[in-house]
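Note that the chains take the letters A, B and C in the order they are written out, and that residue 1 is the start of every chain.
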Amino acid sequence: MVDLTQVMDDEVFMAFASYATIILSKMMLMSTATAFYRLTRKVFANPEDCVAFGKGENAKKYLRTDDRVERVRRAHLNDLENIIPFLGIGLLYSLSGPDPSTAILHFRLFVGARIYHTIAYLTPLPQPNRAFSFFVGYGVTLSMAYRLLKSKLYL
Amino acid sequence: MVDLTQVMDDEVFMAFASYATIILSKMMLMSTATAFYRLTRKVFANPEDCVAFGKGENAKKYLRTDDRVERVRRAHLNDLENIIPFLGIGLLYSLSGPDPSTAILHFRLFVGARIYHTIAYLTPLPQPNRAFSFFVGYGVTLSMAYRLLKSKLYL
Amino acid sequence: MVDLTQVMDDEVFMAFASYATIILSKMMLMSTATAFYRLTRKVFANPEDCVAFGKGENAKKYLRTDDRVERVRRAHLNDLENIIPFLGIGLLYSLSGPDPSTAILHFRLFVGARIYHTIAYLTPLPQPNRAFSFFVGYGVTLSMAYRLLKSKLYL
């Protein structure tokens, strides 16, 4: 039997595992942020969620949308759209034998850019703060995709 | 050449592969549920989808939203938001050499919680059924993230 | 230390890495398409994004929705809903020792179907072009899930 724990002795793979876990945990915080705003602002999407705040017609008034909640949800969706390619491409890139310092630079830039993107989206900071952090993360992922396909393309 | 089939001889990795495949297949069923409600209720998002039900202005009346369809779509999006962290963190956690019985308990709890979450969302069951199943899945994923970072943090 | 670069010597895994990277890069293009339509049509979701186009009340008129932008966003979300199961199930299937030519046929069909799905969604082509490409991709993923669980189920 292969000793899988050896896989985690690889420097690049360990670094990828750490950065991926950090950015996924950050993404999960978006669910908590949505729940926080929904509860404090009494803004719900489902009738069964409003029951604690009133009965019948009185509860239905909480079935509404709210700028703050929608902003968190847009930030969350943007995370999904960008972190998924990072996870998939980053995992495969980590296994393609990249130079460790180059690879770790990619991971650090991506995680830093996405944390800054969340801050810029939720504060909100004026543009181009959010656009800039978006494109840094986007460029890092494309750079990993390019390096992976250049060295390992097999169709 | 490394014999990749050996990877699948690892007990934890095989279990992760099975549970991940099951929960992803369940998530895919949400697409079918959306299509089912769209067709039986004649509720569409795209003009080209309505053509079979009428021509011109007559078809446009089917471009609408529907509570039932929106509920399935919210359940699907919630799946995406929670199953992606499980996939990424769970894969890396599986490779970090965890205790097999602890790891498999994590996978079982997560898959059970998410299946219950879908039932609670689509029935719908009264709260806190859905909230409870959400937090079980959320907690399981955070527990794997904590265990992974505690043993393998490398930044 | 295990030499991780050996993993990439496996024919199926290399092919999966290439096809997964290509389809994820395609998915990332949807963000660029959304940004393109938002900027050329002046349709924004956030007040801070409109500032360059006017001040105060004059800028607020750009906070609106647009058929073209919503169409790209639906196509992007459909990508997320379908490419994530392909990534998770495909990765695990690739590691389960499948027949190389069968596995590569799965990857090619999925990538081809999803590229055609995007073309059918954005043009838009009349139905059932989009429905057909959706079900090809869906069936390919379920076929990999079935093969994986048949050979490696471990609960």
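What we mean here is this: a residue touches a chain if its C-beta (ideal position, glycine included) is under 8 Å from a C-beta of that chain, and two chains touch if they have at least 3 such contacts.
These figures come from a predicted structure and were not determined experimentally.
The rotation relating chain A to chain C, fitted on Cα atoms, comes to 120°, given as a multiple of 5.
Residues touching across the chain B-chain C interface largely differ between the two copies, under half of the numbers being common to both. Computed centre separation for the pair chain B/chain C is 16 angstrom, with centres defined by C-alpha atoms. Listed for chain A are residues 7, 13, 80, 84, 87, 91, each touching two or more other chains. Residue ranges of chain B in contact with chain A, taken from their complex: 3, 6-7, 9-10, 12-13, 71, 74, 80-82, 84-85, 87-89, 91-92, 94-97, 124-127, 130, 134, 138, 141-142, 145, 148-149, 152-155.
Residue ranges on chain C touching chain A, taken from their complex, read 1-2, 4-5, 7-8, 11, 13-22, 24-25, 27-28, 30-31, 45-46, 48-49, 51-52, 76, 80, 83-84, 87, 91, 108.
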